[in-house]
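Scrolling down, you'll hit the structures one after another.
Look at the two complexes coming up: chain A is in both, with chain B in one and chain C in the other.
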Partner chain A sequence: MQFMLLFSRQGKLRLQKWYVPLSDKEKKKITRELVQTVLARKPKMCSFLEWRDLKVVYKRYASLYFCCAIENQDNELITLEIIHRYVELLDKYFGSVCELDIIFNFEKAYFILDEFLLGGEAQDTSKKNVLKAIEQADLLQENRPRQFFFLSAQLTTEKPL
Partner chain B sequence: MSDVVEKTLSALPSLLSLDSQAGAGKLSPSSKLGNLIKGITELTSKHEEERLIKKELESIKEQVASPNTTMRQMKEIMVRAIYCEMLGYQASFSYIHAIKLAQQGSVLEKRVGYLAVSLFLNETDEFLLLLVNTVLKDLQSTNLIEVCMALTVVSQMFPKDMIPAILPVVEEKLTHPKEIIRRKAVLALYKFYLIAPNQVQHIHSKFRKALCDKDPGVMTASLHIYLQLIKENPESYKDLTGSMVTILRQVVGGKLPLDFNYHSVPAPWLQIQLLRILAYLGKEDQGTSEMMYDVLEESLRRAEMNHNITYAILFECVKTIYTVHPKSQLLEKAAECIGNFVLSPKINLKYLGLKALTYVVQQDANLALPHQMTIIECLDHSDVIIKRETLELLFRITNAQNVTVIVEKMLEFLRLTYNVWFIQTMNSVFSLGGDVMQPDIPNNFLRLLAEGVDNVEDRQLRLFAVDSYVSLLQGETAKLPQRFLQVISWVLGEYSYLREEESDPGSVMRLLARLLDQRHTSTETRSWVLGAMTKLCSSPVYSGSLNTVLRQKAQELMILSQDTKLRARVLPAEDSSLSFLDGYVSEALAAGAAPYKSPHQRQEDLVQEKALSLEPYGLSLPVSLSSCSITDRRSPTLLSMSSGLSGNSTELSHQEGSTTLKLEGVKRVWGKDGYLAQQQSAGETPTPLVELPSPLLSPQSPPSQTQKPSSGLEPDQEKRQLASSLFVGLGSHNSVCLVRFPSTVWLFIKHCQSANQSNVVKALFKPLPLLLPVPLTVSTGDYGKMWLSFSHDLKQNLQLVTTEHQEPLTATLDALKGKLHLHVVDIIGSEGIVACRLLQGPGQGQPCLLHCRVHADSLAVWLRSPVPELPDSLLYHCQKALTET
Partner chain C sequence: MPAVSKGDGMRGLAVFISDIRNCKSKEAEIKRINKELANIRSKFKGDKALDGYSKKKYVCKLLFIFLLGHDIDFGHMEAVNLLSSNKYTEKQIGYLFISVLVNSNSELIRLINNAIKNDLSSRNPTFMCLALHCIANVGSREMAEAFAGEIPRILVAGDTMDSVKQSAALCLLRLYKASPDLVLMGEWTSRVVHLLNDQHMGVVTAAISLITCLSSKNPDEFKTCVSLAVSRLSRIVSSASTDLQDYTYYFVPAPWLSCKLLRLLQCYPPPEDGAVKGRLVECLETILNKAQEPPKSKKVQHSNAKNAILFEAISLIIHYDSEPNLLVRACNQLGQFLQHRETNLRYLALESMCTLASSEFSHEAVKTHIETVINALKTERDVSVRQRAADLLYAMCDRSNAKQIVAEMLSYLETADYSIREEMVLKVAILAEKYAVDYSWYVDTILNLIRIAGDYVSEEVWYRVIQIVINRDDVQGYAAKTVFEALQAPACHENMVKVGGYILGEFGNLIAGDPRSSPLVQFNLLHSKFHLCSVPTRALLLSAYIKFINLFPETKATIQEVLRSDSQIRNSDVELQQRAVEYLKLSSIASTDVLATVLEEMPPFPERESSILAKLKKKKGPGAVSVELEDGKERGELNGGGDRGGDAAIAASNASTPSPSADLLGLRSTAPVSGTTPSAGSLLVDVFSEAGPSATSAGVNDDGFLSSAPPTVASEDPAPPLPESDELLNKFVCKNNGVLFENQLLQIGIKSEYRQNLGRMYLFYGNKTSVQFVSFNTTVSCPGELQSQLNVQTKTVEPLVEGGAQVQQVINIECLTDFIDAPLLNIKFRYGGALQNISLKLPVTINKFFQPTEMAAADFFQRWKQLSQPQQEAQKIFKASHGMDTEVLKAKLLGLGTALLENVDPNPENYVCAGVIQTKAQQVGCLLRLEPNAQAQMYRLTLRSSKDTVSQRVCDLLAEQF
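Our next item is the complex of A and B:
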């Protein structure tokens, strides 16, 4: 995987993880163009894009778009499942995750991602293992962030559009 | 693992007490980050956001620089800095503090420090050198979490040159008692291998150990390295085939712990990884391939649940089966599996089905045949991605027979999807291809621009063309080929009005005028330019030229520009009714002239009166021809008024009558489908099939009963027709003769620029079939009927083709038949009749008839069609076809 982006329906970036070295300028350009392209796609269209030299796999969960760029020989469907597994992990960690959880605790979302994908490859696909590692790293002192807002848009309970 | 961690943690009481004091890390909207985020969401403009972030960054800058800031505060600050960076604002001053946090913070703070570093910095960043010692220290830490963090950051980014500094420690971790550490170490080594393969060459044996690790997670991680190694050099790893097959068999058989299941499918990631490895190992190697047939078949069989993840495995499996040495039984199963993808209602699966088909048709083009109709549907899919993949598939099955249709589809796609790209490409095509291009390339291009309904998309395309040409003309124009300048002039003349709102119309005029003044501009181009200027209606005088054409155009332009009334009359919005002649006509009528009759009307009158035809030659057929459907072999050419036959129409019609069955009053009992039983007897008296001798076949009546224009075809039928033209040539041969030509088009579509452009250009546009006639098989009798009912005609002399063995007429018609797919209905003496209809374009499905007669050294051709443009365009193609022979 080359990078992963999370952005909202309004095009606001919520998380970005780059597994290939790119300059800031390039990253910004790619992000801007890709967000635009993905947001312009209609709900019934397929989740894959051929974009520049890359294959882009995206999926929408409630108000959030999860978007991965993969290499040409990579398997698109399994990438969709990587996204799904990541959402499941977030969901389990935050307890019915919603966009606000990710906005206010984005560093946690990063930690979970790092535990799940390492250097762009799925390192541990077992939900239990990933969360165990995260929780141990979180240590005992950290009160788990509780939801402060109404749980308006839960990511997993709502079917992807 | 938790016990170890807890022990580690209990060894760090200070850390715990520090954090538990204030409930650090609990982020709530009341925290600073929370306030920042809330503040931003309340803003309405980008400008306000900028101001707020700027203020925030200043306060962060102040805080990080202060010696009183604790590491705990620093952690919180760093999170805010990450947030600002994510919004697109640079916080480079905080980078060094991120490194400091990773160096000096407690475990939790360190984690944020490492995260900030991995988000802020690049592999090439010099700051990273400051991190090497910290990483080394953490790798050797007794705290598992610190080791994990260090391995994570190392796998994310590490300066290439510093790898030797930490490599021994990372290697050591391969034998760590904890599997999580071993796994991360393997992935770190994988990363090292990717960025600096030679530095990890000596530890290949350790990779093997990792492959045999008792923990499946570590083993899976090692496969990343092996996939890479085997991809680069499959020969050296053939001995691993057995192991890989065994592992896959175990995984598929559900021998792994349940932890590795994903939605009750055993370790799908691992399965896919193994299938990819097997594909590399078995490629072009029968012996190795034979080892894996069984397990591949089992994979196919086991993946039966209807879930994305099983489809992911199936897709990979199909790919592997078609990559390794083929086994027919497996191939069959895989092909069946592709069918499930293609026919799936889920769009993602359909896409992958097309992709799989694209992959497999390279081996056997016939595999596309069962999915013809799906492919045709996908060709019109609203999703561009699906469309594109379908074209890719079509490209793979292109052969000599279907090339024109496929290329046309590709170009259509181009025009629809890549407006901007299309114009730009054509610009470079014109600039580079220049004057060596065939003349019909610019023509086709202009046609493409001018055609189509006047919708927003078309207007955008035109406007973009105009804009790009204006900017081209503003630059250096001396090097532009003449043909391109002509195209530019035409487009500017036609469509400059589209941009008028945004700029003054004079600017285009000035640019055109500049072209006129240039020495390089050829006279032909000048006349194009003047044509454009005329359309733009301004008045630069260019009447001093010695070239008569130029002078003529300039004069016209000058006069027109001075006399606005005249201009309005000469260049009005198109007036097909010729209303400006009304005055003249009424005068003439008053003076006793006969009212105007259309050629068609005249002909009818002629026939009705049984008068002599005054046509020098031709097909003003007597009415009796309408009975030809029964008399069959009577060709209209027989009746043409040429040579000695003129005036014999009455006689002939009599002849006709005598050979015709009298059907008047005869009850029709036999129809096309057999006996016409009840309906007929119950119904009214059957209308006589033909009425003799009059009245005429009325112009409104259908041209013929047997031949219906295909415009009335059901959409489904159209699709079938398309399918037959797309898939022609498949099935009949086992190997497909691939044509070089569409690959260039496809290359064009995929990559904008290509090295050998002028060649590509030639290949790209040569057979662009804007007019695509197909043979129209009619009998001579039907031909005659149709001939009478068509109102648009055109006459022209064409050159004859002369060969040694054939008569000139036969040779010429054969040439036309071969080149344009016309149907030669009949040849009698020095005359021949030909029919075709159009498959595409305006007037789709409409017939066009040709009557050819040898006249001295040329072929006098008379074309007729119900569509006004058709004879003209067909004639053009005939001319072209004949000149080429």
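Our next item is the complex of A and C:
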């Protein structure tokens, strides 16, 4: 996989992960172009498209689009399930994850992704193992008084993914 | 688990994020961000030492701001500080910042590498994983240099935790992809391969990605993985859906691992060992059988995972291309998917069938689905699916169904999406040519193409129809009649006028017997279109007219009248005016014989690859076109012709005059004549650049002398560089050692070495006489701009050089940014009282700072495409000035400093290279392609890099080497 982008229906980038070295300028250009292309597609269209010389695999979950660019010999369907597994991981970790969780805890979304995919390849596909790694890390956190999210009321206003 | 219970929320961060979200306008957001940036900056600069938590919070805010799309130019140091924190979350945020916002600051990288080193040796698996994730995320060369040796050890060590092994495997993969020269598996190879047997499925999943990549580059060293992969696959395929516990995904056992195993096997030919092969065939059959079983779940995840394995298995079957039974079964399975209700499956089935169509075993089976595919082309609602259908029709086309497929594609073109029209036009044109039994059908098809989609008919297409008509006399009369009819239409596309003008100008005589298409009727028809056409077409028509005068003397008066009219002879367009004047003169003074010779019918074009095919190849990448190859002969033709066919056509259109694309006479010379134009241009540049630096350097040195010592006699000024110094410079572009200069008194030898953006050069001054040189003094200077581009340091040499002795001087060079000029070396000494004063260019050229980069074909083409802006490319076409021996060429290209990439260019005659130029300011990736044409003794050299000056400079330098 060359990169993964998460963006909202309004075209706001929520998470970006690049597995190939590119300049910031190039990244911005790619993001702009892809977000536009994907948002322009209709709901029943297929989840794959040819883009430059890559294949783009995307899927929408509630208000968020998950979009991966893979190389020509890579498998589209299994990439679609990579996306799904990542969503499952987020969902399990946050508990009915929604876009706001990813906005406010973007660093966690990155950590979970790193445990699941590294260098663009699946590191471990077992949900249990990935979550175990994340939870172990959470246990290592220093014992600060728990900070309750003052926004938690808002969380329920958005549809779960 | 609600979000609130996780981790330690950073309240300040949450407040900031919600502030940003509450901003009503972009301006408000920017204002809020600037305020925050100022706050963070003052906190970082403040006297009070920040505690870890605050540092973490601010670094996290910076990260958030960066992810919103703003540039961040500080905070790196604080992030690096966090790396050495012993609190996990602080370390974690530090690493995240570094991964997202790497900076090439070398001091920083040293610190980062140090922190990583500490964590790797900490034996704390969570810390080790964090460090490995960081290396994998950054993947830079510096990191590869620091850790490529250590990571394989971690990967295979017996006491490494599974999770660390997984990270280590993928970390190594990333480093290998970026800097393959630094990752040496050697002694680890067999232990890495045996990770396929690891008990932990996660370890196997991670390791197999690494093994696949290594195998594709070094298949022989890793070939023992084949039998291991087959047995692992067989165990998974035959396991019950619950055996693999958490590695079962929606009732499908280990789908990711299965796909990766099947993918690994595609790096190899079918297993030679009968037992292994038998087991593998059994696996593939089981996978095909499972596709027929009723689904275990209605969830799309179940069917996706199952079908992912199926498609990967089919890819392997196609890759082997040796099991007719499996190929036909695969084709039938895909046939079922063609009508599946899931769009995704229809798309993939069309795509996969495209490759099946090229196998002799399954080509016929694919053809049976023609009606379904045509239907898909007509009814699919998603353009990307229709595109696949068009691709498949193209791939399954052969003599038996060409007429049907071409007709369907033509009718689809009338309503096709704009985005795919051009490609469709190319495909129709290729099929029409390739499977033309009678050429009248071919001519009809192309003219239809122009009629339906004229705007999308590129030059290559109409050049090609003209080439074919000219080369086949059996179709010329028909072509003339058909274009004549086509031109009758009140509104016809300009491309039609071009083809019509050309063909009637050549073969109008073949239909002139019919009074309905008498010479004058033909001429009037053409001329009625003249005023609606663009300049290049008008130019072409003028040439057609002069050809008419030769073909039909009776039209001479009428045509001369037209040429003589003010709108022609005084046309403001210089090309049109020139043609009108010259043709008028030619027709008035030349005898019939001369006219007949000058305006003779075009000779046949040399047979060569269709330039259209080359164009399609460019559009789609080499893989896409090769599916339509039927046999070795055509493959040879495709690869052998390369882009050259297309170039002649394109070269014609690029030449200096505005309209030669339409030039009847110009097309006669098919050699890339336009090559002379750019090289003449660069010659001019060279002359200037030579005069430029020497003049300025004299000035610079003058100043130096003025300030340090009283001016001496004029002859003490450094001499201007020797006239041959450019030539001497060129001698050293592809080599680092040798004799730089020699005359009767002095010999200067040179040895140099370069690493990254640094270089060291040893100069050896040899006194060839038996008398000592006195006041021996050498200076190295960087004229003009070069001062800010190169940092050159040297020590003075002893002022006395004994007879027969040699003195050595070391020069240290640092490349700050890319540069064009060379530093000047001035040597002054007295020999028998006479002052000797010699200036030379030091052979320091930008290519010395190349770091070779190995990459696979796919990577190369991807990067090549990414560098497609016109200013990123520099190209030269030039005559060979030395022999064109392959080994010599290779040696020169390697000497240039780039990696010579094998098996990348589809044409084995060509060379492609890749490298990164290391300067202090930046790294400039460079791709190179050299296409020799032995027959014409010419080369075409193309350079692409992210920086225009670099492309141009490397191109100029290299062009002098062959």
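Here, the second predicted complex is superposed on the first by the 139 of 161 C-alpha atoms of A that agree within 3 Å, B and C clash if a C-alpha of one lies under 4 Å from a C-alpha of the other, contacts with A are read in each partner's own complex, and residues count from 1 in each chain.
One rule holds for everything that comes next: a contact is a pair of C-beta atoms (placed from the backbone, for glycine too) under 8 Å apart; a residue touches a chain by one contact, two chains touch by 3 or more.
Everything quoted here is computed from the prediction, not taken from an experiment.
Touching more residues of chain A than its counterpart among chain B and chain C is C. Touch criterion not met for A:8: it reaches neither chain B nor chain C.
Legend: residue contacts after superposition of the two complexes on their common chain; A:26 is shown touching chain C, with no touch to chain B. Once chain A of one complex is fitted onto chain A of the other, the partner contacts of A:121 extend to both chain B and chain C.
Contact with both chain B and chain C is seen for A:16 once the two complexes are overlaid on the shared chain. Looking at the shared chain after the overlay, A:101 reaches chain C, while chain B stays out of its contact range. In the superposition on chain A, contact of A:49 is made with both chain B and chain C. Of the two partner chains, chain C is the only one touched by A:71; chain B is not.
Legend: residue contacts after superposition of the two complexes on their common chain; A:37 is shown touching neither chain B nor chain C. Overlaid on A, the two complexes show chain B and chain C touching the same residues of chain A, namely 13, 15-16, 19, 21, 23-24, 28, 42, 44-50, 73, 75-78, 80-81, 85, 103-107, 110-111, 114, 118-119, 121-126, 128-129, 133, 136-137, 140-142, 148.
Those residues of chain B lying in contact with chain A across their complex are 1-2, 5, 9, 15-16, 19-20, 23-29, 33-34, 37, 79, 82-83, 86-88, 90, 107-108, 111-112, 115, 119, 122-124, 145, 148, 152, 155-157, 180, 183-184, 187-188, 190-191, 217, 221, 224, 259-260, 262, 267-269, 272, 276, 308-309, 311-312, 315-316, 347-348, 350-352, 382-383, 385-386, 388. The touching residues of chain C, counted against chain A in their complex, run 1-11, 14, 17-18, 21, 53, 60, 63-64, 67, 69, 71, 87-89, 92-93, 96, 100, 126, 129, 132-133, 136-137, 139-140, 163, 166-167, 170-171, 173-174, 177-178, 201-202, 205-206, 209, 246-247, 249, 254-257, 259, 263, 266, 301, 304-305, 307-308, 311-312, 315, 343-344, 346-348, 381-382, 384-385, 387, 621, 623, 858, 861-862, 865-866, 946. Only residues 13, 15-16, 19, 21, 23-24, 26, 28, 42, 44-50, 52-54, 71-73, 75-78, 80-82, 84-85, 92-95, 101, 103-108, 110-111, 114, 118-129, 133, 136-138, 140-142, 144, 146-152, 155 of chain A touch chain C when the two sit together in their complex. Taken together, the chain A residues at the contact with chain B in this complex read 13-16, 19, 21-24, 28, 42, 44-50, 73, 75-78, 80-81, 85, 103-107, 110-111, 114, 118-119, 121-126, 128-129, 132-133, 136-137, 139-143, 145, 148.
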